[in-house]
Structures are given as C-alpha cells and as structure tokens.
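Note that the chains are named A, B, C and D in the order they appear, and that numbering of residues resets to 1 at the start of each chain.
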C-alpha cells in the first residue's frame, strides 16, 4: 500500500526522488507515448540510482536514456522501440553488448503487462487473459503460465502480477490538496500507480479546482507519496492541453543514441554524466 | 502521376484489404499508413482503433506514434490500455489487425523480438507489443512486410505472434489468422488445406521468379496467379499527401 | 458480439424492445441507483415478455416490478433491497411464496457479479477475485468456484462470466451518430453493455456534440443495437444533470408493493396489467 | 438536550470508532448515519468511500441511498463498480468497513441473506451486496446491529460475510475482521485468544443482564466492564441534524 503524503503536501522533485526511489528498487515510469515522466527519470539518474529494475510497457527514449546511463540492471517491458523511427540503440547496446553493463530482460505482450499491472493494483497475485498462446514468450514460466477455467475447462494464460516499489507518472494537474488529474491517452497509469508501494507524480500545474475532462483519471492524494510541480516534465513526450510531442527530438534521438560517444556527449550536456560513470 | 515504387504499391495493396465499416486495430509503421490510406480512399467509414486506447480515431494527419494527441482528440472514446486489450482486442471486437514483421515463416508465424537466441541476441528487436493478442483475436490479420530471404525465413528465431503454428495446424486462437501477407512483390494467402503461405497475386512488373528468390523457403505459387491493379491516381495522391503531412508534422 | 445498429440509427423504444428482447432471454437492466432504465423495463412488461432471466447487481424497484408482473423465471443479483427503505416485497413474495410464480435465484456479492460482468465483457469464461471465502455463497459451485495461482499457490475465488443476451441501460446523451455518453455514478454499465450480445440504450437527449464530463463513459455506436430517446426514462431513479432521485416514490413503493392488491392496482394504473395476468 | 434513546447512543458509539483520517467504506442504513456523523464531529478528515464508486464523498446531507448524486458530485473521484471492488476494496485500501447484520453469531459471522433454508427461505433478506469482500479486506470491521435473541444467534442461517469462521479460528482474510460490534446495549469485541465476541462496554443505563438476555448464546462478559460515555450535545446535534436533512430530502 502506498505510504501517503500528508494531503496537500507538494514537494520538490529532488526531495521526492531522494526519499522514495532507492538503489535496487523496482521502478515503473509509465505513460503510453503521452505524459512520459522524463524530468523525473533524469532526476533519478542525476541522483545516481543504481541496480534498478525498470518496468514500462513502452521503454521509449526515457528508458533508452536510463539504460545508457547505467541505472538499470533489469528491464520488464512489452515494446522497446522508438515509435515510428526505429530502434532504441542504448537498449540494444545493453542487451546485445552489455554496455555499459549487462541488462536482464523480462518481456511481455502489451496485453500481458497491462493485466500484470491490473492484478498488482488489485493486490491479486496474477491475472487471467486470452493471450500468449503459442508464442515463445510463454517460455518465461516464472512470469507467464496458464490456468484452467473451473467452469468450462478452457486453458487460459496467467500472468504474474507486477507490483513496483515506486511508480512515477506525469500528469496535467494537481489541486491544492495534492489530488491529481490526467487526461488524453491515460494508458496504464492508474493501474501502475495503484499497483505500487509508493507513487510520485509530476504535474504541469496546480489549480484550485479541476476542470471537467472526459476520459480523465483522478488519483486521490492518499494513494500518492509525493506530488511535484514540473512544467513540461514530459518533454519530448507531451501533455495534452499543455504541449505537443517533440517529434523532431524523437527523430534526432536516433542519431544521438546510435553511438556511445554521441550519447555520452548528450548526457554530459544535460547534466546526466555522473550516473554513466558507474 | 501514376509513377510509383514498390513500397507505394505495397501500402496501397494493404489499404485495399480494409473494407468500409471494418473495425481496424492499427499498429505502428506501415500498418498505420495503410489504415489511414484506406480511410481516405475506399473505406471512409472504417473505424480505426489504436492500442493506446483511442477508439474511432480520425487523425487529421498521419500520426508518427500510436499515441499522438490527434488520435485522442478525434476519437469517439479513449479507454485505458488494460481496457483496450481486455474489452476490445481480447473480446474479439476487432475485424482487421494490421501487423508488421521482422521475420515471418511459411505458416505466418511472426518474429519481432530477436534475431539469434533470446538470452544472447544478435539483434534485439522491439518485441511483441500488442501483436500477440491482435494476431490471436482479430477476425482477419493482414501482415505488411517487404520480401527478402532474411525476412521470409524457413523458421523464425522467436515466435512473437502466432500465425498457424509450427506446422500450420496448431492455431487455436479465435480469429482466422494471417489471411493476407502484403509484400513489395505481391500478396500471399494461406493455402485453404495446409495454411502454407502461397503467392496468389503479383504487383505489376514483378515476376514469380523475383518473389521466389526473395523467399527463404520454397515458395508455393498459386495456379492462375493474378496481377494486383496498379495504384490509382487517387490512391497515390492520398498516400503521398499522408506522407507529406507526416514529414511536415515531424 | 453485439449486432450493430446502422450508425446513427435512433429508434423508438417499442421497436427496440420488440426486436431485441425475446421470451426466455437473459436480460440485464443495469444502473447502480443512478440511471436505472425504468421506462425500458416497463416496455418489456407491456410487450408481455416471459421467462426472462433477469441479471442486475441491485434489483431495486425496477425488478421488484418486473418480478411482480411475472416477467422473470430467474434472478441473478447481489443485493435485493430498497436502499434506505427496506425489503423488495414483490421479490420476497416470489421467492418466499412463489407469487405470481416461482423465482429461481442465483446470488453473488457485488464484487463477484461486477467481476462476472467484466469477464463477460472480455469474453473470458471466468474472473479471479479475492472474495467469497468462507461464505455460504460459495455453495453455488456452478457460478462460484476457485483457482490456484500458478505462481504463488494461493487459492482465489473464481466467478463464472455473465454474458446477457441483452443489456439495457439509460444514459444522459446520444450524439447524432448514436454514440452514447453517461456520467456520474456509472456503476457496471460499461461492462454490462460490452458483455451482452445486444445492447439497448435509452437517453435523455440527443446532442450535436458531447460536453466534457469527468468520469464519463462513452460507448461507440457499433457496440449498440439500438438507441432510443426517452426523457426521464430513469424515473424514479435519476439522471445526473437532468433529474433528482424521487426518494418519495422509493418510500411510497414500500406500501404499494407490500400488498398484492395494491401492487396490481399500481400496475393497472400504469398500463402494466397485461403481463401480470400470466 | 442530552436526552437520547438507545438507537442514538448506538449510532454515536459507532461513529466514535472511526478515527480522523480513516478511509471508511460506508454501507447503506445505520453505517451511513454513523460514518457521516463521524465526519461532522471528531473525524472531519475521514474519507468516505461508497461502493457505488464515489471516493472521498463529502455529502452535504445524509444520502438516502449509496448512489445519490450528492455523493458523486462531491467526491474526489468516481470509479466504476468493478474498479471499486478490485482496486480499492479488494486491494486493501479500506481502513474501516461498517456493516449491518440480520443475524450475527458469537464469532462475528454475519447473515444478510435468508432466514431459513436458502432454497426455501422463510424470510428472503436483501443478500450479501458488498459486504463479503468488505468484511474480508477492510483493516477493521465495525458491525452496527441492535441486540435481540433473533439477531444474536447461536448459528447464523447463512454465512453472507465471514467474521472469524464457524469456531472462531477459520478466518483467512487479510483484514482483522469484526473488531467491534456496536449494539443498542453496548460494545462487543472479539476475545484476543478465542475471537468470541465479548461484552466489553455498556451504554449508560444498560445492565449486563439486559445484554445477556438479548443475546441468543451465553454471552461472555469482560472483567472490569466499562461504561460508554453518553452522547455529547455536539454529537446529538449533529446526529439529529443529519436525520432531519434526510427527512427533508426524502
């Protein structure tokens, strides 16, 4: 269960990461293309966290960066590409060449990992889905198995629950009590937050009252550990209503990340070098 | 204007597989282009569903990712990713799933995970994403992939999404499986009795020999093989318009 | 899978019921206190449907009426009271005294029936939950069983999926294409609609464009069989933004339903007598 | 003003069990009254969760049902019923569950389903509703029920919600179970070693004999039994205010 922040406590990002993200933790930074918590990820790297297990449906640039910086020992994911562009070169370099060090991999389908978070949010040990059947993903028996329906005898896939130590998301709004609101493509954020022991949210803005937004997810302050105001904290991803996706950067990243030296130069330019020294 | 290249022909042929009114689950890359092309040409009422949660998205330009704001902003409804996979994909509400492949075998099994061994891959590919359950549950699966001996392989290194199984007889999923494989050379369809992918149509100007030479197994060729109609001016205009908007947006 | 109405088709309630609700069907009329489809229920009774299996988490007055009118052979439910008032007397009379005829009962907890609908909406044969343990509800082994987690060995409850032939709900809005929007307490309506073979929705109003409403559920036209404009179709329940709950009627119902004669008089007054003659 | 009846004393005593900051799952009937009373007196920051989906509801008047619009309109968030039971109740996010009972036995097992046999009941009661999972998962369960030999029975006719099981030793659920039973006569608590419900406190003016006489089993009475403080003026004012608003709203 999340350790609640005193309702209304809005803290600095550096404090939130220092207090709630520890070496060796299982950390999920979620956001499906939209609302990816880049600023929080960079703060994790700046604080020199090590040996993390990183969980995320779509690792995207944010995990390419963390992996290249040597923050992660393990990756749990379902799709590790730069959408519409190509490979995540730092992820590939880690898996293919163990640079900067080896990266263990557990992989799911989207359906499987989404259900694993949902089971985690319900504090159930597993979820049932019609999936994985016949794929080689099923060989990961420690996370993907099967159950038999007690009513029909049908065999179905079972996926082990995912319960991160910490989930980090970015959202559009917090109110003055520290309740959080996000909308647009909300992905698996609700489930990832509720599955975690602790949850950190960066937001674009604090408001007196939430607007009406169809499709919004609202998270009460008592399931959150920290709320931090970080405008544009999702760049180069976006926050609907606040920014647009920086597709240019997504394409430029391909060249930056393709090469270790250009990656390290980028990291140095962004005050992210320290973690890469590990 | 009707000058076109093989990639354009492939995208046009893929788009034509989508019927007006179909509910289509759109993946990243060529499927995204084909589905949006269909919606701008012969299938204006096809319903685009993106695994990011957007249902009935009506993108005004080609989205670069499957989570662009334009998809959410123009959708009838946006749902969570767990709901998308449980209540929409898994429940069998998708008529057509468009998929890509890094490797595909003669029974339509798809690899998008690794080249080489999973534990120590030579090439680490993006992974399965939404494909395994789309491949299982969509009523029809259309695979879009350029032909080459490295891609059309005897045995895939890793089964990310099942077609008809290792010998073509193992499919247990509710959907019909990969009913069409659209390549830059033509169209392959599963043989009705063996499920072996068989060349049934060729794009204009492509020979059977070229298709055979770019297939890593002994390619079966249908009798009375037909030619795919060349892209129309309308199709090419729409396709290039989509691409240009993609470029200007990116 | 729902048989879709041509998008944009908005039909008369009498036609929708005539076409989609058949004798012997399993019918779910859902709505958790809010948005209960009373008008549609009355139309089902007026058309003289028989031998229905009625599914609903909270039978409420709407099923008390249908049961008293002899429409149902079986009830699947989780809480059968008049909330804040007391018993559902027609439900009790049917179960205790077989009036107007016997009523078979399958009963769940709220958690169980909500999950049974969710499994139905996903076309899974069952759902897993941490529930029912140690209760006598578990004796209904045809609908409540157990499964063992393949990862932890923990035994959990399994509940059989519910897939109604028809689900009927009331919503605030449809647009001109027949997409439907509801908000406020939305209960289990999304799951009940998606679990059904066919779905009928009565709405307060048709609009050109949906407003923004946090917490709204939107159902695309292609999962609906019919959309009918029935203002105040949830009375004496309510539609947030359109009406308030007629708590007076909920209290008056206790006296009306307590006695067979007063119930029949009420039915006659409301043009519902015919079905009661069965 | 401090003239009060036993039902008022019961509601006040129940409300006092809720601590400021508790997350409380509120059921229909007396629990609804007690939880709202707590929020208007000593526990202004307790968080009311209704199984209809309203989280942090701040009702301006006593809701007649658990799905009144006032609950949704004043809630921080409204979620679907499946989400409520899976992600909030089942996940163990509830500190206190308030429950009622038609029958309760000495080990806190509750019947709200039938009097008589399930197949041919003498009295068909409303049924389990949300109670089985609340009883299992809430960290503390407070039962509010008037004492009578028909209600406090040796064996319940049907176990709708589990307390400590048939012999007091069978509870396997994550929550602590029925830590308090608040009646119109006093307070019962499970014996720490046997889980048998034991009279630990009496309301002012009630005797042990009355409590024993209205219990259908041989009631255990704690040594050094204490008296519950009488309702304060503030408590009675708030309670009656809630009730009046209920009446004027109904």
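One rule holds for everything that comes next: a contact is a pair of C-beta atoms (placed from the backbone, for glycine too) under 8 Å apart; a residue touches a chain by one contact, two chains touch by 3 or more.
Every value quoted in this text rests on a predicted model; they were computed, and no experiment measured them.
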Subject >> Partner chains that chain A and chain D have in common >> reply: C
Subject >> Whole-Å gap separating chain B and chain D, where each centre is the average of the chain's CA atoms >> reply: 57
Subject >> Length of the line joining the C-alpha centres of chain A and chain B, rounded to whole Å >> reply: 28
Original post:
What whole-Å value do you get for the distance between chain A and chain C if each is reduced to the mean of its CA atoms?
Top reply: 38
Subject >> Residues of chain C whose C-beta touches two or more other chains >> reply: 118, 122-124, 129-130, 190-191, 215, 218
Original post:
Counting only residues that touch at least 2 other chains, which ones in chain D make the list?
Top reply: 77, 86, 90
Subject >> Every chain pair meeting the contact rule >> reply: A-B, A-C, A-D, B-C, C-D
Subject >> Touching residues on chain B, where the partner in the complex is chain C >> reply: 23, 45, 47, 55-56, 76-77, 86-87, 90-93
**OP:** Under the touch definition given earlier, write down the residues of chain C that touch chain A in their complex.
**Re:** 122-130, 142-143, 145-152, 154, 156, 158, 160, 181, 210-216, 218
Original post:
chain D touches which residues of chain A in the complex?
Top reply: 1, 7, 118, 121-124, 179, 190-191, 194, 218-220, 222-223
Original post:
Of all residues in chain B, which touch chain A in the complex?
Top reply: 28-29, 32, 51-54, 63-69, 71-73, 77-78, 80-82, 84-86, 89-90, 113, 118, 121-124, 126-133, 136-137, 158-162, 165, 170-174, 249-250
Original post:
In the complex of these two chains, what residues of chain C are touching chain D?
Top reply: 32-34, 57-58, 77-81, 83-85, 87-88, 91-92, 95-96, 107-112, 114-115, 117-118, 129-137, 139, 184-188, 190-191, 215, 217, 238, 240, 244-245, 247-248, 250-251
